[in-house]
Structure formats: C-alpha cells, structure tokens
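Below are two complexes that have subunit A in common, paired first with subunit B and then with subunit C.
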Partner chain A sequence: MSEPKKRNNNFAGSKSEVIVMAVFAFACFFCVWYLVSLNERIGKFFPNPIVVLESFFQAFVTPIGQNTMLEHIFYSLRRVTTGFLLGAFIGIPLGLVMACSKTLRALLMPLFSIVRPIPGLAWIPLAILWFGLGESSKYFLICMTALVGITVQTYHGALNVDPLHIGAARMLGANNFQLFTNVIIRSAIPYIFAGLQGSFAGAWCAVIAAEMIRSDEGVGWIIFNGMNYANTTQVIAGMLAIGIVGLITSALLRALERSFCKWNIQGK
Partner chain B sequence: MKKRLRYFLLSVLSLGIFLFVWYLITDILGIFPERALPSPTKILTTLMKKFTQRAPDGGTMLEHIWASLKLAMYGFALGAVIGIPVGIVMAWYRKADLFITPLFNFIRPIPPIAWIPLMLIFFGIGQTAKAAVIFVSTVTQCILNSYLGIKQTKDVHRWVATTFGASNTQILFKVAIPSALPMIFTGLSLSMNLAWMTLVAAEMLAADKGLGYLIQYARMMARVDLVIAGMIMITIIGAILNAVLTKIEHSVVKGRHME
Partner chain C sequence: MNKVEVKNLTKQFGELLVLDDISFNVGDGEFLCIVGPTGCGKTTFLNSLTKIYNIDRGSILISGEEVNPKKHRLAYIMQEYSTMSWRNVRQNVSFGLEVMKLPQKEIQEKTDAALEMVGLDKFQKYYPNQLSASMLQRVAIARAFAVQPDLLLMDEPYGQLDIELRFKLEDELLNLWRKLGTTVIFITHNIEEAVYLSERILVLTNKPTSIKASINNELPYPRNVTSEDFIALRNEVTAMIKWW
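Right after this comes the complex of A and B.
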C-alpha cells in the first residue's frame, strides 16, 4: 500500500538542474495547454490556464453556489475526518483482536472477508437507502471505505511481531495484558500508520464521490455542479483544490507518523 | 490438526449464525421491513431472477456485467500499455525523469473519481468518457509502480552486468525490467482494483448499462434486494479479475518464490 520510505535514487543530480527541468516541464505543460485552448472549437469548452488559475483564486473570495472555496473544503474535510475517525476506531481494535485471539479470529474473519472485497464506492446506494441523503450516509460510506484498509494493515502488523520480542517479554515475566500493550501494539504502530495513510486516500475519494452523487456543498459538489452547467473552468478549479487538499492531508499524516514512531524511520 | 478443525468449525459457525440471525430478523420475526433489509433468501432469488429478467432497469445481469467488463478492460489495457513503458523510461533515463516527474507529481494527487466530470464534458455521456476515466486511474498507478520498481534495481546487479560488458539498453532489458516485474504486477493489481471501483462510480453518475448503473437505478426504485444483489456481483467480478491477474503474474514472473 505505502511507498517504500527510502528509494534507491540512481541519479545524484544537482539540485539546480532538478529545479530548472521542473520549471521547464511546467512551462511546456502550460504552453501546450494554452495553445490547445486557442483553437476555437476546443476553446469553447476548454479554458486556458490563466482563466482557470484566476477563477481558482477568485473562488476564495467570491462564493461558488452558497459557499466560498475554503468553506467547501471545510465541509468536505469535516465529512472525511468524521468518517475516517469512525473507521479507525472500529478498524484498529478489530485488527488487533483478530490478530491476538485465535477464537475471535475464527469468528470474525469470515464476516470480515465478506465485507473486505466490496469496492468502497459500491456502498453508495445502500448507504443512501439506509441512512438517507443527509450527512450520516456519507459518514457511513467513508467509514466503510477506510475501515477495510485500516483493519487489514493493523491485523498484519500485530501478526508479524518479531517472535524474539515476544519470547523476551515472556521471559521477563510479562503477562498477556502487558505483552499486548507493551510489545504487540508498539510493533504494530508502523503498520497501523501505513494503513491510515493508505486508507485516507480512499476516504478522500469516497467523500468526493458521495458529494457528486448528492450534496449541496463540498469540493465534490463543485466539480459536479460545474459539469452540470458545462463550466469547465469550475471543474478544473475544483480538481485543483481536491489535489492540493489531498497532498496537504497526506503530508500531515506523514508528519504525524514521523513524530509518533521515530524509531521506525530511523531504523530504515 | 485438531486446532485447525476447531478454527474451521468456528468459522462455519460464525457464518451460519450471521446468516441465521439475518434470516430470523427479516423473514421469520419481521423486525426489519423488506424495503430496509431484505432476507438472504430474497436477495438470492432476486440475484438468480436478474440473470433472465430485464425489469426494472432494462438489462439482464449478464448484459450489465458485459457492459462494465468491456469498459474496464478497454481503459485498463490502454492504461497499462502506456503507463508501464512511461514509468520505465522515467526511471531509466535521467532527462525523462527530471522532465516528467514534476508533472506526474502534479497530476497524481487528484483522485480518479475527480476526473469523471471533466471527462464527461470532453467526451459526452458515453463509453469514451468512462474508458478515459479508467485510463487515468490505471495509468497513474502503473507509472508509479514501474518507476519505483526500476529505481529499486540493485546496484550490484548493474555492476555485474556492466563488468560483463552489457550496454545500457541490455542492462535495462536483462536486469532492470525483470527485477522490477513483481513491483509492476503489484501496480497492475492495485490499478485493477482502482479501475473497477472507479468504473462503478462513473456508471452511477452517467450510464444506461453496467453494474454501477444497476445499483444506482435499484436505489432510485428503493429496491434494497437488487442493490445488494448488484453489490454481490460487483464484488465477485472484482475478485475474479484479481484472481486472473495473480494467475498471469505467477506464470510471467519467474523466480519470485525462490527468494
């Protein structure tokens, strides 16, 4: 799920060259975009980059629909955080319990295996039928999307504890409870974080899908509303916002991981 | 052996109790009305009937499956055929890496779902738009994984090849690509899952055929049994696609299990 922390970079290229090439690449990208949009037939529904950037920044001041861009982002973030935390609160204990107790694994694993392969977004119609068109159906959907990844990673983390560590703790007289809190949970934390990071991307996808299907605000609504009015500028501005928020949240999760499990980063 | 048997029995028991309680609260006690939670037997009969019946959404199950599968395969194949070589070129040639990587990192954080409205504007409500969305979701994952796979080529292996006089291209084809294959296949299976999910979402938004359309239509008709039957079919097809991919991987990637 998660990328390896350190990649073997074959090129030790100088920093200035990297920057120059990046600037050149973006310049080419925007030039091609601009030139394509100059064509009259395409330009009708494909605005040039300047217009898009302008309307993107404009959206922070003048509202799209009922809300400004920041408010839309706030709505989406609130939804995704609530559903995601719900998923984590169910998923982490579920994974730990299934890894630690054979009996509970035998009981819960078959049920979890039914839910696991269902693609997250396939829950949308059922969520709407069960919870209505309001917020709770979105929380349910996001929770189901996040839950699976978090549970799987936690389970693997708690199952793959170094037997040497368990043996050492047992020899030093740890009881089951101490073994669980001091050894198993701690060795599972890096896996749990990998699960959280991987699932957040899925949850972010889910909130956008949910908002496209039915809502009055949020970044998913921006792009869907833009599509309904064939307003490509609004669609691309919304996509830009979605990408940027996704980047920032994943960077925040990485920073959280760095401060929570320093030993893991240093060990790698 | 005894422990295994106990585990197996407990698993069966758990499933059995789950289904029985479900049956009990729906069919026998009637705590949940059928439009909230239909019984397992009802869902099963709906699923079976759907294979021959066109009502209410105008297509049999097989027609929906075929429509979805065809689209998923188009987008996926195109994404893989373009994505994997691009990823390899990016990882192997310095200029390409410096040029494409910043653009790729700019596009990548946008989830495939967010491409749906743009593609619908460009291509109209039709097969092309959905295939394009699946293409985008597949191509990013394939580029990423083949890039990372090539970058992880062991230096020692490259040195050995260089010492024996292999050219840069020879090293790429004889050393780097074979050692990146497991990673590339991981990318393929990840993007297969992603493509299948994205397709379902796209069909929910705009389609007149396909499994996503089926569950969305059943939702509007408030037919929970049909929604769940559709979900079961989506899950099964997804699992089959994954199994096929794993099978291909086992026959193509040699030596993976020797490590």
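Right after this comes the complex of A and C.
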C-alpha cells in the first residue's frame, strides 16, 4: 500500500529557526536604522529607533491630541473593519453571482469593468460630497476600496471551478443548489481569502487617506498631525502602529483561512 | 430490455468529426467494454452520454428516457482525478450519498463499506493533496461504488493502479455488478482487462469514430486468464485492433 505524500516546504527547518531568523532580520534593520540616524544631517529629520519606540510606547500613556495611541488605533480599526466588512458583504455575493449567472454577468460586468480600474482614493471627492466629512464618508471610501479586490477574486474563484468537480457532482445527482453550496463556494474559498487579505491592506491605505482629510482621531490623523508640526518621530510612531496592527490583523485573517481551508493547508 | 440506447450519435468539435453516426444498445445489467485507439473519442462518448458535452445529432436514452442524473442513478469514474480537494477522503466518498439525502446511519455504513473495499479505511481523514495518484483514483472508485449505481460508467479507471490492486478492484467490480445488477460501460486500453470483465466488447475505429465490431464474450465467470479460450479471444480482439 502506498503511503500518503509528505511535503516539506519549510525552508528554514523548524519553527524556532524561523523565529530566530525573523528576530535577526529585525535586529539588523534597527541597527542599520540606528547607524543611519547617527549622521548629524540625516538625524535632524530621521530620529533614531530608540526615540521612536519611546515615543510610540509613551503614546499609550500620554495622549497625542485627545486620545492615547490605543484609542487612535481603535478608531482606525473600527473604520477599517466596518468599511471592509461592508465591502465583503457586497463583494462576495456580487462575485459569486457574476460567475454563476450568465445573464447577471452580462448585466453587471460592464458596470463593474468601469468601476474596477478606479483607484479607491479617487472616490474621496464624491465621498465627501455625498456623505460629508463624518464617519459615513470614511466607511464609503474603505468599502469601495475593499469591494473591488474582493469581488474580482471571488468572481475568478467561482468561475475557475474545475469542470471535473462540477461533472462529478452532477453525475452523482447534485442539483443546482447543492452544486453551488458544495462545489462552487467551497472551491472558491481560497480565492475569496486571497481577495480579503489583499483588500484589507487596501482598506488600511483608504482609512489613512480618509483620516488625513478630516479627522480628530485615528492613526492617519497622528501621521498627518505629525507632518503639520514637522514631528517626524510622531509620523514614524504612527506608521509603526499601522505596521503592527496590520501584522496582527493579517495573522488573524490567515488563522481564519487555515480553519476554513484545512484542505488547502494540509500536506503543504 | 435495453438500459442504454444510442442512435445515430454524432459529435463534432468545430470542423473535427469525432463520433460519426454511432448506434448501439446496452442491455439492462450488461457489462460492456469499449476498446479503441488513443484519441478515438471514447471519452467524448462517455461525456456525451453524461451530458457533460452536448451532442450534435442523434439521441442517447437511458431506460427509454433522456439522460437525467437526478432520476437515473449514474456514477462516472473519470480518467482524471475528480476528487474534491476541500473534502477529505471520507467526505469525498459520502458525497453522492449526501446528495441523495439518505439517513445519516445509512450514509455512514455505505461509506465504511466503500472505503474498506478500496483499502482506504485508514486514510479517511486525509485530504486529496496528501494522497498519491492511485489513492486518488481509489477515492473516486469508492465514491462511485458507494451510491450503488444503476449505470456505472468507467473511463480507464484502473490505468494508474498497480497490478495487484487492479486485479482486486476488477474482481470487486464483478462482484458489485453481479450483486446489484448494475449496467456497466467500461472503457479500457487493456485487452486482457476487457476480456476478463465484459460480456461484450465494442471495438471502435480511429477518428471519426465508428463501431468496427461487437464481440460477444461468453466465457464463464470466474475467468481464467491462462485458459485457452481466454487467450484465443484476447488474440482475436488484439488482431482486430492491430489493423486499425
């Protein structure tokens, strides 16, 4: 009896080796940063990492503007999550519908093809004109940014279902609903997650842009405020916050993907 | 009574005529093997029968009616691996039973039996990307057998399996056929396999495909591959195939 295949794509061997390599990469990065910032001319507008880290952690205790760093992160995260989920709730069904129905594809694809190349940030003027400077315009902007990527990936995932799977399911008597739920959606899940991952990064870009335009709180506001006062330490601390939150949310999405797509992870 | 009636079946891909006015019947409970040269359109024929392809002319009837997978209990084991990558071995095998909405206990029993038959009972939690080629094909075979089909269509299903397992599964197929009275249409390149399994062998010509001969195989079961009659029939079919 033949044994199942075993694959090992782990280039660095064990998990601890990967962690050591990551720590080493961070240490190198901070060393280079520190050495560069020692230069007198560069150091004037490029603070060293110790100052930035101090400022970053200090912001969790001492407010920047009216809020602490944690509160700023919370405001940005709330905007990103709301707009992103809105984009996902519209984008996933839209992608599935366009892939599965020739009539709806013929109807919606021309419209979507026009909307698709428009960058998310190009919606800013319309968002302000339609929804004002409040939260709604930010949600709209993030939603439009996330929507496109999620729809495109879902559409391709559902459209590229292996015809053999469809043939096999039909042969075994699956009706259209069973085919849709058991084959098309399941087969499209990795594509949907790829769309969610990519769009989440896009949603962060949109929230920063939205907060720079008009806001009293949020990570984007920290950066914009820092720029107004020529405070590069605050700008970099804000960027660091985005990086860390982005890393955590991305890891959470990957964990969600792993639990939904065990079959895609197993054996890799 | 005929289980399958094929009348004037014609299929073209653009200018290329693949199936040229083919007509034949398959009796209820008959075991038919189809042999023919590579690329002659054997798979196209099965795909037409199962409505994966639309036919250009002619008709295919199952029990006197248009093919309807929801009504006629069909199972099709393809040449390519059709296992669903998001379902583990057990879930793949039980798919057809779930679609039929059978009681959970029955699904469990039939799945267990099918898994045991193909020797995958120890690998039921594995996903397709963890399995070897022969194991994937065995999953597809178990899935087809689990639904105990009225019409079993097999397109070179054992081509990738080792000889020991192939012999075992050939015998299992004969057992299932006898037990359930399933009608079987089996496509193969292997003449010995065709003579070992079938009651009738349909020999196809090269493209555009037509029927060259229909040979009745009246050797008694279980067949002995070393018997004189077996070898004589195998040589007869081989000789026919040699000259296409």
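We take it that the second predicted complex is superposed on the first by the 220 of 268 C-alpha atoms of A that agree within 3 Å, B and C clash if a C-alpha of one lies under 4 Å from a C-alpha of the other, contacts with A are read in each partner's own complex, and residues count from 1 in each chain.
Note that in this section contacts are C-beta pairs under 8 Å (C-beta built on N, C-alpha and C of every residue); 3 or more make two chains touch, one makes a residue touch a chain.
Quick caveat: nothing in here was measured; it's all calculated off a predicted structure.
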{"item": "Which superposed partner A:L172 touches (first subunit B, second subunit C, both, neither)", "value": "second"}
{"item": "Partner chain(s) touched by A:L252 [first = subunit B, second = subunit C, both, neither]", "value": "neither"}
{"item": "Touching partner for A:S187 - first (subunit B), second (subunit C), both, neither", "value": "second"}
{"item": "Which superposed partner A:V36 touches (first subunit B, second subunit C, both, neither)", "value": "neither"}
{"item": "Contacts of A:T232 with subunit B and subunit C, given as first, second, both or neither", "value": "first"}
{"item": "First (subunit B), second (subunit C), both or neither touched by A:L70", "value": "neither"}
{"item": "Partner chain in contact with A:L108 - subunit B first, subunit C second, else both or neither", "value": "first"}
{"item": "When both partners are placed on the shared chain, which of subunit B and subunit C touches more of subunit A", "value": "B"}
{"item": "Subunit B versus subunit C as contact partner of A:A27, first or second or both or neither", "value": "neither"}
{"item": "First (subunit B), second (subunit C), both or neither touched by A:I50", "value": "neither"}
{"item": "Residues of subunit A at both interfaces, subunit B in one complex, subunit C in the other", "value": "3-4"}
{"item": "Sites on subunit A touched by subunit C in the complex", "value": "1-5, 163-165, 167-175, 178, 182-183, 186-187, 189, 261-264, 266-268"}
{"item": "Sites on subunit C touched by subunit A in the complex", "value": "47, 50-52, 69-70, 73-76, 78, 80-82, 84-88, 95-96, 99-100, 119, 123, 126-132, 134-135, 140, 143, 147"}
{"item": "Complex interface listing, subunit B residues touching subunit A", "value": "3, 6-8, 10-15, 18, 36, 91, 94-95, 97-103, 106-107, 109-118, 120-122, 148, 151-153, 155, 193, 196-198, 200-201, 204-205, 212, 215-216, 218-219, 222, 224, 227-228, 230-231, 234-235, 238-239"}
{"item": "Touching residues on subunit A, where the partner in the complex is subunit B", "value": "3-4, 7-11, 13, 17-18, 21-22, 24-26, 29, 45-46, 102-103, 105-111, 117-126, 128-130, 201, 204-205, 208-209, 212-213, 220, 223-224, 226-227, 230, 232, 235-236, 238-239, 242-244, 246-247, 250"}
